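Letters are used for the chains, namely A, B and C, taken in the order the chains are written, and counting of residues starts over at 1 for each.
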Amino acid sequence: MVEATSKANGGDAVATDVAAAGKARAKRGIRFRYARYVARRLLQAVPIIVVIVLINFTLIQAAPGDPVYALIGQMETTPEYIAQVREEFGLDEPLPQQFLSYIAKIATFDLGYSFRFRQDVSGLIFERVPATFLLMGTALVISSLLGIGLGVIAGRRPFGWTDNAATIFALAGFSMPVFWLGQLVLLVFALKLPWFPVQGMVSLRAPSHGWGYIASVLHHLVLPATVYGIYHLTLIFRMTRIKMMDVLVQDFITTARSKGAGERRVLFVHALPNAILPVITVIGYNFGFMLAGSVLVETVFGWPGLGRLMYEAINARDYPLLLGLFVVISLFVIIANVLTDIIYALIDPRILYR
Amino acid sequence: MQWMRMLAFAAGAFCAALMVATPPVAAQQRGGTMVIALSGEPSALVGFLHTDTGGHSIAANIFSGLVGLNEDFEPVPELARSWEISKDGLTYTFHLDPNARFHDGVPVTAEDVAFTFNDVVAKYHPSRGSWWPNVESATAEDEHTFVMKLKKPFPPLLTLLAYQLRSGAEILPKHIYEGSDPMTNPANEHPIGSGAFKFVEWSKGSHVVLERNDDYFMEGKPYLDRLIFQFIPDPNTRILAFERGEVDFIDYTAVPHNEVARLAKDPRFKLLTGADAIAVQGMWLLNVRKGPLAKNEVRQALSYAIDVNEISDKALFGAGRPAHSFLNSNLKWAFNGSYDVYDRDVEKANELLDEAGYPRGDNGIRFTINILWAAGRPYDGKSAEIIRDQLRDVGVTADVKTYDRPTFIEKVFDQWDFDTAMQLYSTGPDPAISVVTRYHTKQINHSPFTNAMGYSNPELDKIFDEDASEVNEEKRKENWDEAQKILMQDLPAIPVFEFPDGHLANARLMDAVTGPYGYFQSRHNAWFKD
Amino acid sequence: MTIETSSFTVASQPSGLRIFFRNRASAVGTAVLILLVLLAVLGPVLSPYDPLSIGVGETMAPPSLTHIFGTDELGRDIFSRASLGVGVSLFVGFVAAAMSSTIAILIGCISGYFGAFVDDVLMRMTEIFQVIPRFFLAILLVAFFGASIVNIVIAIGLLSWPESARVIRAEVMSLKNRQYVSSARIAGASTASIIFGEILPNALGPVIVNATLQVGQAMLLEAGLSYLGLGDPNRISLGLMLHQSQEIMRTAWWATALPGSLIFFAVLAANLVGDGLNDLFNPRARAR
């Protein structure tokens, strides 16, 4: 408690400091604050990642199932061969040694060598990043547009029929198992109405380049991104609705209304910008949630992203790949959180001094 | 069976080679792209690293083997245009096709073949233990002559070499692999072979693209311009993609059985058979080490208690057949289903269990066993559930458990920590290769897909050992007849179903399957009709 | 004591129910949830068939008078199975939510009340659990340690507490210096009774909301795990049914229709109730 107060005081002191300084200096100061803030957050990430590696390493070691079994395929083999593969991958070393050599490796940004694919883990992961980000990014755009739009409509007249309808619509997507929704969508929009391709990221039968390639990828993107977007719309909708409810009863809205601003103007120019901040936070903080949830959508639509890779790594007990994925994804999540904070801070600079 | 035929065949092999090399009159059309769906991504495209079906169905197109098999299980020329087998059955001399070149233009020589066997297969292939110890030497006699000498006669050798999924006999370029660690050689990522198709790209998580090898040593082949292997993990999505025309071929391991009947009727598609050589059986493994299952009467009672017809009807949607022996009926020369006396007979099962000293308790239950199955194999799961239901009639409670594959393998095959388990066992292309490895006492060794049941019968071991070097076809038939009799009596496992072996293909796709390894063979004969 | 009046919980104010049911959607949600619980309780009694029994009817028989929702590929009665499945799914949902809420309450309260070093350690821990991709960790836990319903519930419960913990912590931090808390402290109440008797009841609102939403989330997570082949084969959940019958979706639409829509309605209902509760605890909504 005492600490909290002193922190707050410190924050105030710095704030007045900045306010007292000249404009240019303040700008530089703020930039410096940003840099220091980002650096601090990224430094904080280091112990987090070490602990995540430790947790997963322990889990993996405690788990039954040997990576060797996932490697051999369908035919029988001999004990000698199993011993040979264990030795090749260093699985015969004592555990603490395996852990330490792993930590030493990631300190030099070397994520190790995948058993399953016999390839560098970092290469494997970064090959998949664009596909996942493309899918997630598109889904985010869809869910943000729909979610915010519905949220504004719902928050305008809480408990009215528009609110109820929007709520049920927004929650409906969130309430269906995403793999089932995916299958239904495929049945309708890829088979009965052959508008979209069933799976994959690009049409392979007719290879395309340049604009044709982009068009093909976009064509393949529509269904998975929509399904994924609909699933994630709810969180954004919910936050927008509540914040709109909060904002719309405040004085400045009444003022704006009394000055004769049109309803649309009140909603989108006066109210929404004030409600949007927590919505951005929701989007940012759900990055990790979305990333992990992608495995289902990627499986249904045969999308070659990180989610599939993670699932395969688990099935193959590919420890280096698994740990590498946890490290990289955790880093992504941390970066997404920091970015969210920065966006927040751009609008509300007090956060920097916390 | 094929031993005599093989000798006869070897004599006239050169003629045969010419015949096969000359395309039949029906004019194959050139061009087109064949898209093959795989259920998962292979771990590697080179065959010596694994025995993974998906990996080999790609590798078989990039690399060539010494010999192939035709639909009658007879060896046909591939890299070896002809071969001779010495009278004692110990020396195999292969004459290589002088026109064969690797994709980088370097000619394929006997040195490459010898290197592949001695320096790669012998050291790194997972299944080498089942046959390589019997090889005395593998040497290059001259540029185009390769000789393999055995310690004891091993009649199925050519069949095995043609079965590259198990033998790994896909010839590698020595000039690229020599002096490097084959496990990590960069060429594994961009494989260079002498097969009908050249490697273009492997887009991880998505697909592999191969293109036509214009310098292929078989005149005029291949007909297709490109081969694409796409990884589609979800079975529903796979079949949708097939119906939509995004995919031309789904091999039997990746076909969703419930859709077979419907799609086979559709004029746009066809069902191809031709995985006969692998002859896969769904087996219910019984751990004979402990508890009630240690008693033969109990195992026989369980066999009476279950109804294999209902299982193959429901678990495989009628696409498979009930199994009646430890060999698959595809192995026509050896199969004998008459030792299956276990038609469902609940009364008899109850009697046997009473006699074995497992009377019903107050709750009507005699004992409880578990049934393990590996996630991702719905037919095994359904079989287990049907068996659980059927066992209730004889007072046996079954606890069905599912584990993901690596855990399943560890529990069943390494730790032997199970009562019963569902597992597919291949019984082909020759039982001496694939059945002996499951039931021989020597095979109780903690490794995957071996004798996890702990079953040992010296009499059977003797038959197995004798048969391994038996040259006489009639004698082999007798051996296997006796072996099946003993196994059906002892029941270290209960044969449940014969796995459906049909592939789904686009109706316009011709000659994609030309041998008994239809699911992973090279597609150099395939072409599209308009 | 005077403390009593000020520590009155929000939910017990007479207007609470009215506010909640003013939102018709959440009223409907409550009704649906009650119906589903009834189905789970009465279904196994009412349904004429053994849900595990193979071949109580033809395989893949369409809905009829004998099998009102048809049969699956093994000839099992879908209605009997689904009514069992509703119970298992609701069990997963509620137990996992209860578990994660309990963890969240413990960590949030301790962290918020004691502050300082304890807070730092606990919040770092929370951060770690927030950063770890949770669905992956759940897959990993269940794949590694066996697909039993208990493992699934534990995996989901263990992984979904961080948000609630943060919310509670913030509430506790703001409440702990209120006057009624100080008076309790001066009156000599033990730390535990201050935290759980005085502070917690007032901080509980958002947790209840989160817990309700987590019920639905947990049911969906379980379905997702089933889809990846990691469902418990001995406990028929709706997710497992849906996954198993997906194989025959094209031939027998009814096999996925019932489990699919039951999950949908259950999760939707839980979400609607959660939303209603949210409005209830949201002061501005109350003001209306």
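By definition in this document, a residue touches a chain if its C-beta (ideal position, glycine included) is under 8 Å from a C-beta of that chain, and two chains touch if they have at least 3 such contacts.
All of these numbers come straight from a predicted model, not from anything done at the bench.
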item	value
Higher-contact pair (C-beta pairs counted), B-C versus A-B	A-B
Chain whose average C-alpha position is farthest from subunit B's own	C
Where subunit A and subunit C are represented by their mean Cα positions, the distance between them in whole Å	23
Centroid spacing, where centroids are CA-atom means, of subunit B and subunit C in whole angstrom	46
For subunit A paired with subunit B, centre-to-centre distance based on mean C-alpha positions, whole Å	42
Subunit A, residues touching no fewer than two other chains	63-65, 183, 187, 299, 314-315
Residue numbers of subunit C (touch at least two other chains)	143-144, 246, 249-250
Multi-partner residues of subunit B (each touching 2 or more other chains)	236, 403-404, 407
Complex contacts: residues of subunit C adjacent to subunit A	22-25, 115-116, 124, 127-128, 130-137, 139-141, 143-145, 173, 176-177, 216, 220, 223-224, 227-228, 239, 242, 246, 249-250, 256, 260, 263-265, 267-268, 271-272, 275, 278-279, 282, 284-285, 287-288
Residue ranges of subunit B in contact with subunit A within the complex	33, 35, 40-41, 43-44, 49-53, 55, 126-130, 165-166, 183-184, 188-189, 203-207, 209, 228, 230-234, 236-238, 240-241, 243-244, 246, 403-407, 409-411, 413-414, 426, 437-438, 443, 445-450
Contact footprint of subunit C on subunit B as seen in their complex	235-236, 239, 256, 258-259, 262, 310, 313-315, 317, 375-376, 378, 381-382, 384-386, 388-390, 399-404, 407
Complex contacts: residues of subunit A adjacent to subunit C	1, 3-4, 47-48, 51-52, 55-56, 59-60, 62-65, 158-159, 164, 167-168, 171-172, 174-180, 183, 187, 234, 238, 242, 245-246, 249, 285, 288-289, 291-293, 295-296, 299, 310-311, 314-315, 322, 325-326, 329-330, 333-334, 337
Touching residues on subunit A, where the partner in the complex is subunit B	63-67, 69-82, 88, 116-119, 124, 127-128, 131, 183, 186-187, 190-191, 194, 197-201, 204-205, 299-302, 304-305, 308-309, 312, 314-317
